[in-house]
Each structure stands twice: as structure tokens, then as C-alpha cells.
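Two complexes follow with chain A in common, the first pairing it with chain B and the second with chain C.
Let's turn to the complex of A and B:
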């Protein structure tokens, strides 16, 4: 197991390095002087530009600059946000909990519902239930998350008045303790529902295909032939094996969740990474934008690594390969 | 992963039918898939709207002058007007052009890159395979949408950039499929025979292996088109779309502030996106069905 983990670990390092290189290249590919880009578009003073140029070492050859950039990164220094006048790293860390709350809750919900529906569809393979479920899942997967969010707000907040329209807490209410938690929960319902709905198809598709595949396997036929009752064959053997791929998809799906979450956060004014990204885009806050991207790339790589390890724990065949 | 599992069954090559024309051999299981023909019907309608945009709306998408936010059917505006008094129908049909162009171009780029990287990795093996496969895995993991945002925000949001950037981030799935296809084709007798006859590597690869192994990638390309359309809509929604084009994503963004008083301004473009994307998903489903072993009984 130790060898497996170290091998997987070695495989995500290039991914992180690639992200860093891409980030560095983008900074230099941007039209104009990188120092001017880093300083933002609203007429930075010459001293500011000079300071940035010095800190980035822009007068030195590219490899030297890259080395400096990596060294700064290693110390957790992603630069200073232009609009917030705070270190980028701190800004991201402040917003991360809200985004995690949204993404993890919705991913777990989607995983449960999608897997359940996928199993049902696979068992009724080829029948109207299967066709109906498959069609609705395609339809669901075709809905842009931000649009669904808007529609949710119109129906459940504006027309029915059941839930708050936006934000994470009621403004100026200053609740504490359990009342505060309840308040956050109320604000959480719509964004989580939106994000969960658009993710359900991912788990539905993989589960349906995987269950169908397992039911055709030789060992299942053998169990059937030995007279083990069908529900038992299915629940004890086929289903357990069929659910393994969902674990991997859960890890790989995280990139998708962050994407969906960013757009949903914007619609619901949820104070997470997505809003931060949007602000950075609108205000041309490049250090912030590049920082968000890098942190996300690293976070997703680590998440994929963790899923691989979980997968290996669940399925010994993977470790031995 | 999701795709590779789904297409594993599709990776089995259909044997060439003898007396039946290729089109009919494709068409019958495609119809039997049920999803495929529905999707194709949808796409034909959307494509007609895009092609006939100039006929449906001779004044173009940006003509001003009508009252703002009038409802569907009022004063000769079939689908109403937006917050600047522009005709909704005109914007929607011109938006179809943008979405279809972006989808097709981005998916072609990703298909091309995926085929080249995947087939070279699979055919040559060894360290070439190692390097290319690692690169593929890396791009599979990187959160593409954020990379696209960063690139478009720094380099500019012209439609050309958007298409190229989406295409260059979407290829890993195609590359994986093509690599798997190449690995299995490489060992087949006819390829071995060509090699024995002294045919050059690149020639075998691009004249024989790629044409024989590309089918599963076509189903995947349909999904790529769909996701490119969704990505562009997302970009337009956060203000990174091409400012000179009428796009569905931007229409939703423009209409969102008035959604309570004038629902059509943002609901209609949303429906346009859903219907189009659904069309591509369903066609993709139909093609996978044709390529899967299940469909054999139908085509016989």
C-alpha cells in the first residue's frame, strides 16, 4: 500500500508543476508588460510597477524569473490582490469554507441520488422506466447551472417566498449559535439543490453503465447457475463491484463541481471562491485570478489522489496492478 | 473515466456488413436507439434556425427602436424584446449561429489533438506513451473552466480565442479513447501485414489505424460539442463572451435582473441552450448505441 501511495503521489506532482508553468506562462503571454498586468489596469503609479518588476525579477532571464516565482509559491506567497489590498492566499482561504460547504454537500447528495437512480435504470434496462430516466438525465445534464439557479430563485424565493434569494446569512440579523446555523442552512438549500441537480447525471450514467457491465460478468452467471437467489447475487456481489467506479468519478468530478459551484455562487451571491473569481475577472485583478486557478488546480489534484487511495483500499486488485 | 467506461463496450469494432450499404447499417440501429432520432430532429431544427437567421431576422440581432421588454406576441415581436428593445427571436437565431460554430470548431480541435496524441502514444509505446499519457492525465485533472476563464480574461474574449481555448482543454477523453483503440488495432493481422510489407509508421498510423479506430471518438465528439456550448454560455454569463456577438449566455445575463417582470428575456435563451445541448447528447447516445454490441441484433 505504501508503494502504491508514493507512486500516486509522484504522479500528481507533474500535474501541479504543469499548472504552475501554465500560470507563469499566462502572466507573460498577457498583452503588454507583465508588471503592468500584475498592477491592474487603472493607472498604476510608476513606483508600483517598479516594485512589482523587482519582486518578480522581470529584468532577469526567464528561467531565473521562474525559479523566483516557484520559490515565492513554495512559501505560500501568491502575491497581493490589487482590489482587496490583501495577500491572495489569505483571501482564498477566507472564502474556501463557504465553497467547500456548498460543493461537498451537493456532491454527496448527487452521488446518493444519482447512484440510486442509476441502479434502478440498470435493473429495468431497456424498459420504459429506463428510457424515461435516461432521457430526463440527459435533459438535466443539458441545463446550465446558472440558469437553473435563476429559475429556482424565481420559483422558490420570489413566487413562493419559502427561501431566501441570496447570500449565506441574513444581513444585519446577527444570529448566534444554532439560530445562525439554521440561517445558513436556509440559505444553503437552493444553491445546493441547484448544484446537486446538475451533478446527478454524472453518477447516474456511470452507475447505470457499470451495473449493466457487471451483470454480464462471468462470475455473476456462475453465481446464478449455482442457484443463489437473484437479489442476493445482485446485492452482495454485482452491486458492490459496480459501485467502485463511482468512487473515481467522485474524485474526477470535483473539477466539475468547482466549475458549477463558481457559476451558482455568482447567481446566489454565495460568498465563496466563485464570487471571488468573478470579482477578479471584472476588476482585472490578475494576481487574484491566477492565484485562484493555482489553488484550485492543486486542490483538485490532491482530491484525485485521495480518491485513488480510497479506491485502492476498497479494491485490492488496483494495488497489485 | 465516465466516458471511457461507457465506450469500452463501444470499442468493439463493428464488422463491415456485406450487402447492406454503410448508411443503412448505421441508420437502422440508430433509429432503434430511440434517443438518436429525437436528437437528430432537434439538431436539424436548430441548424435551420442558424442557417436561416438572415431570413428570419433580416435586420440582424442588434436592431434597436422597439419598446423595451414587451411580452411575446406583442407589436409584431413573436418572442418579445429585451431590456434594450431588441427583438428576442432575432437574437436567439443569431445566437444559434454562435453556439453551433463554437461547438463544432472547439470539438474539431479537441478531436484532432486527441486523435494525434492518443494514436501516437498507443502506436509507438515506450517513453513516448509514458510522456503523452501523463500529459493527458494532467489535462484531465486540471479544472478546465477556470483555466479557460484565466486565459480568456488575460488574452481577450474574441470568439476565436474562446473556441481554441475550449478545444485545447477538451481533448484528453478523445486521446484516451484513441490510445485504447490504437493499442488493440496495432496487434491486428492486417496492421502486422502492412508492417511486414515495409509500410512506414506514420502511414500505417494515419492511413490505417486512425480511420479504423475513430468511431468511438465520434460519439464522444458529440458530447464535446455539447460541453463547449455550455462552457461558452457560462463564459458569456460572467461577462467573458465575445462582446460583438449575440450569445445565449449573455442574453440570460442581461435578462436576469428583470426576470420577475419579464421572464422571457432570460428564460428563452436558457431553453435554447438546453434544447441544443440535449440534441447533441441524444445524437451521441444514438451513435454509441450503434457502435455497441447490443445493437448487432438490430442491424442483422
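Let's turn to the complex of A and C:
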């Protein structure tokens, strides 16, 4: 197992190096000039724009800029944000906890609920329960997250008054201690529910299909033929094998969860990394964007690594290959 | 902002169109000034002691994007702007009708030769750390802005050569040439006074105070929760009347629909309104609604370097084919007015009523294009690429309407919708025929040179008219408003004749706030709106 983990770990390094090069090239290839955006109030002069370009080092050839970026990166320095004039690392770390709270909670919730519903649907295959669950999940899958978020706000905040509309804390209040934690929890409900609801169909569909497939496998028939009770066959053998694909989807899906979270963060004014990224895109804040993309590349790579490890634990054939 | 809707205050702070101040509502500086930019301005006698403060309530406002820092001068930041207006003071401010009113200054006087402006300062003004505000602060701030080409206002007040400090409460701006627009631009953007004792000798872009600012305004900085909120508290040592609120908090809510729901839910007290929401709030007794027209018309910038737009008859035909009433009715849902002048009618004194766009006349436009050598070939004469940008729904809708309108004279419009920075880059490179845009053109008609002056950064049309440039130089050099008007009126006549741009409409922007709130700067029915500058909640009170 140890060798397996180190092999997987080593494979992450070239992925991250490649992402560093690609991120830099793609960002600089995109149209837009941070100097113009920075100067872009009402009345910039060409001299002003040129001065900004020079002060940001954007007047230098691209290979020189890349070399400087890589050199700083090698020393663990993600650089300074053009717009915030603060270290990129600090800016990301200020917002990462909020995003992790949102994404991890919703992903775990979606995995649990989606898988459970998938199992139920597979067991009741062809019956009204299966049809109802399948229909609801297809409907959910088709709804864009930002729209769903707005509908949730209108229903649960404006009409029913049960939950706050947006933010992470009540701006009007100065809660501390457990009351503050409760306040965050109340604010967390709607964004987490929104983000979880759009992920549930993914786990539902995979689990349902996977369980149905496993139940038709020869080994399951053999177990049944030997007289092992059906619940035991299902829980001990069929279900365990059926869950393997969900583990893969969970790991690989984390990258998409970050993307989806950006939209939800905007609708619910959740102070996470998605909003920071969007603002950086509009401002063409290259250092900040490169930093965010690098952190995401590392996060997704680590998630994939963890998935592989969990997969290997669940299925010994993997690590033996 | 080059193109944003209301521009720096480009964005979120719609204000209301309002009637002139009622006589007897108070001796405001605006009334003393009468009209914008006289050669001198004398405010009320400054208070000899700090006015008593009666504080109650916390108002929750909202901004759509977090501020990038709390230093308001070194780079443009539309989202810091409304906060900075309450944390800091500029020397002057613009009231709800765009008149110059005193802020940290008590008045000014322009020398007879126009080469210096003497500015007197509020005697009781102090920084939030207790240090008195002096002319040394004015000297540091203005010289720093002028000497830093990256600073937003550097090119606007470039006529200022240096600042003399004859005494602690008098600053004298020494100008390299007479420039009447300096006072207007010192009332505007990126010109908040900074404490010299904090900033002098440091890098003003990275000074620690940029994260915990020390201003002189009616509210003091308390805290900032990144991405969430900004908290200010009343400055009980504020030199002027107010503040009346204990606290001012800004909740950062990016989505306009969420802002509206938060307002309805009572989580915030003040928000901008999408036009579609205006009737809902107007009929709700819990809220007041205020609308305002900024001098930020939506217009078509025409690329004079591209054929056939290099032909003035083609430009005139396009101008004749535009039905502004239809754009107002459809793209703006009725919330706006046609813009027919070449300097926005909102700043009435500087807008030439006789320099207007050609009358709407489809037959005339078709005839003009025929005679200009662009006959119809089937249904079409030629195609043009129209660039506009995302994030401004009314602008996008105006683009769609224009496509239909210009099809009526045989011009095929290819609509190209881009994200703002990409739009800016492409228009800046000259790869377009028509750019649909907006942008603040106040507070002074000297701003005309920024958009249409030869070689100016925002002059993407390639318009180059030495006579126009000369008129603007003369307009800025003249010292009294009466002397300035003829130059700017002539300049607008040249624009009407040459048509490097076609003004379209002025959008009315709206905000709603709880009816428990009074003394709001954009509430035209409230006398307070003539006493404080834009975005300032100095005189705002909350009942209940």
C-alpha cells in the first residue's frame, strides 16, 4: 500500500507543473489588460496606463514574466495581488475556509442523500417510488444552481422568513461564541442545500445504475443460490461493489464543486474563493488568478489521490495492479 | 469608468433626479455658489466648536463587490468609493445636482491671473487618530496624486504644479496654467485627503493604513470581514453637523436580486433597484424610492478610421435612423430619457441646447446614404460590427434595438457581446465599427477632451479636430463660468457637425431604502441632499 501511495503521489507533481505552465499561458493569451482595467475609471491617459503597466512588470516580454513567476513560486511565494496589493497566499487563505465549509458540507450531504436515494430506487426498480425519484432527480439535474438559489431565497427567506437571504453572518448583529456558530449555521443552510441539490442527481444516477448492475452479476446469483439471505447478499457484497464508482465520482467531482460553488457564492453572498476568483477575472489580476488556479489544481490532485487510496482500500485489485 | 453605467460612481449608486433646492431650505453652499465653479466659494462660517452629536441606530448599506483596499486615491475602486465618502473627506464634493459644495474646505478663491487657487480648511477638522488636519495633508495628498501617473486623478488635476502652505489652515494650489476644471475634479473621484503623518515617506499603495484607514470623515473605520462586510462607527469629533447614526455597515452582496430580497427581508436598509423592481417598492409603504439621472449617457462611439464610417454623411444617416423614444420604452422599460445633446443635459449650464442630434427621419437617412454612394443591394447596403459588453442589461437591450433600427436603412449590424475587459481591449485596439457604451461625463465639461480630444486615451473614435481641442483648452483657461460657456458650446457644435459619437439615452437609476430613514443624500425631497456630497450618510437618521 505504501508503494502504491508514493507512486500516486509522484504522479501529481507533473500534473501540477503542467497546470502552472498552462495557467500562465492561457491567462496571458486571453484578451484584456490589467493596466487598462486598473486605470479604467473615467479619464485615464495613455501615460497613466503605461506607467501602471511598467509598475506591474507587464511591459516585459512574456518569457521574462514567466521566469520571474516560476522563480518566486519555487521560493513558495505566490506573489502579490495587483488589485489588493496584498500577498496572494493571504487572500486565498482568508477565503478558503468559507469555500471549504460550503463545498465539503454540500458534497458529503449530496453523496449521502444521492447514494441512499439511488439504492432505494434500484431496490424498487420499476415501481412508482423509483419513477418518482428518477423524475425528481432528472428535474433537479436540469435546474441551474443560481436559479435554484434564488428560488430558495424567495421561498425560505422572503416568503416564510425562516432563514437569512445571504452572507455568512448577520451583519446587523454582533454575535459571539455559540450564538455566532449558530448564526453561521443558519446562513449555511440555503447555500449548502442549493449546492447539494444540484449534486444529488449525479450520485443518485450512478448508484442506481451501479446497484442494478451488481444485482445482475453472476456472483450475486451464486450467493443467492447458496442460500445466503438476500439482505446479507445485498449489504455485504452487491452494495460494496456498487459504491466503488461513487467514490471515483466524489473525488473527481470536487473540482466541479468548486466551480459550481462560485455561482452559489455569488447568489448567497458567501465570502468564499469563488467570488474572489470572479473579481480577479474581471480585473485581470494575473497573480491572484494564478494563485487560485494553483491552489485548485493542488486541491483537486489531492482529492484524486485520496480517492485512489480509498478505492485501493475498498478494492484490493487496484493496488495490486 | 469608460463604459460603466454611472461610472465611478459608475455603479451602484443611482441617485434621483430632483427639483432645485427649495428656497429657504437652508443656506447651503450650493445656493451660495449658485452655479457650478464660480471663481470663489464661501461656505457658512465654520463652527467654532464641534456640533453636539445625538446618535442612534445602525444603517446597513450594501455594495456588490468588496473594496480592494481602503486607500481611495492610488487606484480606482468603484466599490471603495461609497465607503470612502463616509470615512474620508475630499476638499469639495458634488451635491445631488452636481453642484460643488465644500467638504473639508470652507471655501476657495481663484487668483486674478488664474494661476493659483487659495483654499481655506475646516478649522476643527481632525484625523480619526486625533491629529489636526492641516494644509500639510493637502500638500502631501495633491502632490502625491499629481506625481503618481498611476493615480486615478493624476491626469485630471495635472494643472496643479505644487501646493503652498502659507498657514496650517490654508493651502494654495499653484497651477502651471489656468484651469477652471480643477475645482470640479477635486470634488470628484480619487481625491480624498490622506493623513500626511501616516503616509509621508512610505509607499502609499502598500501602507498598513490601507487596511485600517484613518480618515477625517463623519464615520471611523472599525473592521472589515473579507468578502462579507465593512463596519464604520460615528466620529463624535467630526467637525461638521452629523453624523446621527451610531454605525454604518456595508454588507457585500454581489447579486442584485439577492440585494432586493435582503432589503425586503429587513436585513439591509438601502439597495439599488433593478428597474423591474421599481413599481414593487414604490407601492410598498415600508420603503422610499429615489431615482437619479447621472451625466452618463449611453452612446454609440463610431470608428472614424473604418470605411464607411469615415464618411460624415454615413454617420449622419445612422444618427437619423435612431429612434430614441423606442430605446427608452423598450431597453430602459421607460426609465430614462432620450439624450439629444452632445454634453449631458443633466449638467445644464454646460450643455448646448442648440447642438443636437439630427431629427429621426428614416426616409431622409435612406436618401442620404443613396447620395453618399451606398445604394441598397437587395435589403442591405453594408455591414457594421457593434461591440458592447456584459453586465449591463439595458445596454445589451439597446444594442438589440439598434440592430433592428439600423436594418431599416439597410445597415446590417453584427452584435458582438464581450466581457468588459475584453471589450475594452478590442475597442482600444480599434477592431470595431461601433462601440456601444456609457460613462460619466461630469462633473465638468472639460471632460469632453477626455473622450473626444485628439489622442486622448478614451478617444477610440480617432476623432482629431484641432479646432475642437483648442476650444477646450480655452474653455478650461477661462476663469468665470460665463466666459467658459461659449467655448464649450462651440465645441459641442463641432461634435454635432462631425458626429464622432451619437448620443442615445440617459438612464434613470433607482435605489430604495427603508422609510424609517431620513436625510438620505439622494432623496431629492429631503433638504439634506443639497447639504452633503454624493454617497455621504452624514445627515442620515433612522427612526424606530
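Here, the second predicted complex is superposed on the first by the 278 of 321 C-alpha atoms of A that agree within 3 Å, B and C clash if a C-alpha of one lies under 4 Å from a C-alpha of the other, contacts with A are read in each partner's own complex, and residues count from 1 in each chain.
Assume a contact is a pair of C-beta atoms (placed from the backbone, for glycine too) under 8 Å apart; a residue touches a chain by one contact, two chains touch by 3 or more.
Just so we're clear, the structure is a prediction, and the values are computed from it rather than from any experiment.
Residue contacts after overlaying the shared chain place A:266 against chain B and chain C alike. Look at A:142: by the touch rule set out above, it reaches chain B but stays clear of chain C. In the superposition on chain A, contact of A:165 is made with chain C only, not with chain B. In the overlay built on the shared chain, the residue A:279 is in contact with chain C alone; chain B does not reach it. In the superposed pair of complexes, A:25 makes contact with neither chain B nor chain C. Once the two complexes are laid over each other on the shared chain, residue contacts for A:154 go to chain B and to chain C alike.
Contacts of A:85 after superposition on the shared chain: chain C is touched, whereas chain B is not. In the superposition on chain A, contact of A:297 is made with chain B only, not with chain C. Contacts of A:104 after superposition: neither chain B nor chain C is touched.
Touching of chain A by both chain B and chain C, each in its own complex, is seen for residues 30-31, 37, 146, 150, 153-154, 158, 266-267, 282, 284. Chain A contributes residues 30-33, 36-52, 55, 83-86, 91, 94-95, 98, 146, 150, 153-154, 157-158, 161, 164-172, 266-269, 271-272, 275-276, 279, 282-284 to its touches with chain C in the complex. Residues 1-2, 5-6, 8-9, 34-35, 134, 137-138, 140-147, 149-151, 153-156, 226, 230, 233-234, 237-240, 249, 252, 256, 259-260, 263, 266-267, 270, 273-275, 277-278, 281-282, 285 of chain B touch chain A in their complex.
Taken together, the chain C residues at the contact with chain A in this complex read 1-2, 7-8, 10, 58, 60, 65-66, 68-69, 75-76, 149-152, 154-156, 189-190, 205-206, 210-211, 225-229, 249, 251-255, 257-258, 261-262, 264-265, 267-268, 418-422, 424-426, 428, 439-440, 447, 450, 455-458. Residues of chain A touching chain B in their complex: 11-12, 14-15, 18-19, 22-23, 26-27, 29-31, 37, 131, 134-135, 138-139, 141-147, 150-151, 153-154, 158, 202, 205-206, 209-210, 213, 245, 248-249, 252, 255, 258-259, 262-263, 266-267, 277-278, 280-282, 284, 286, 289-290, 292-293, 296-297, 300-301, 304.
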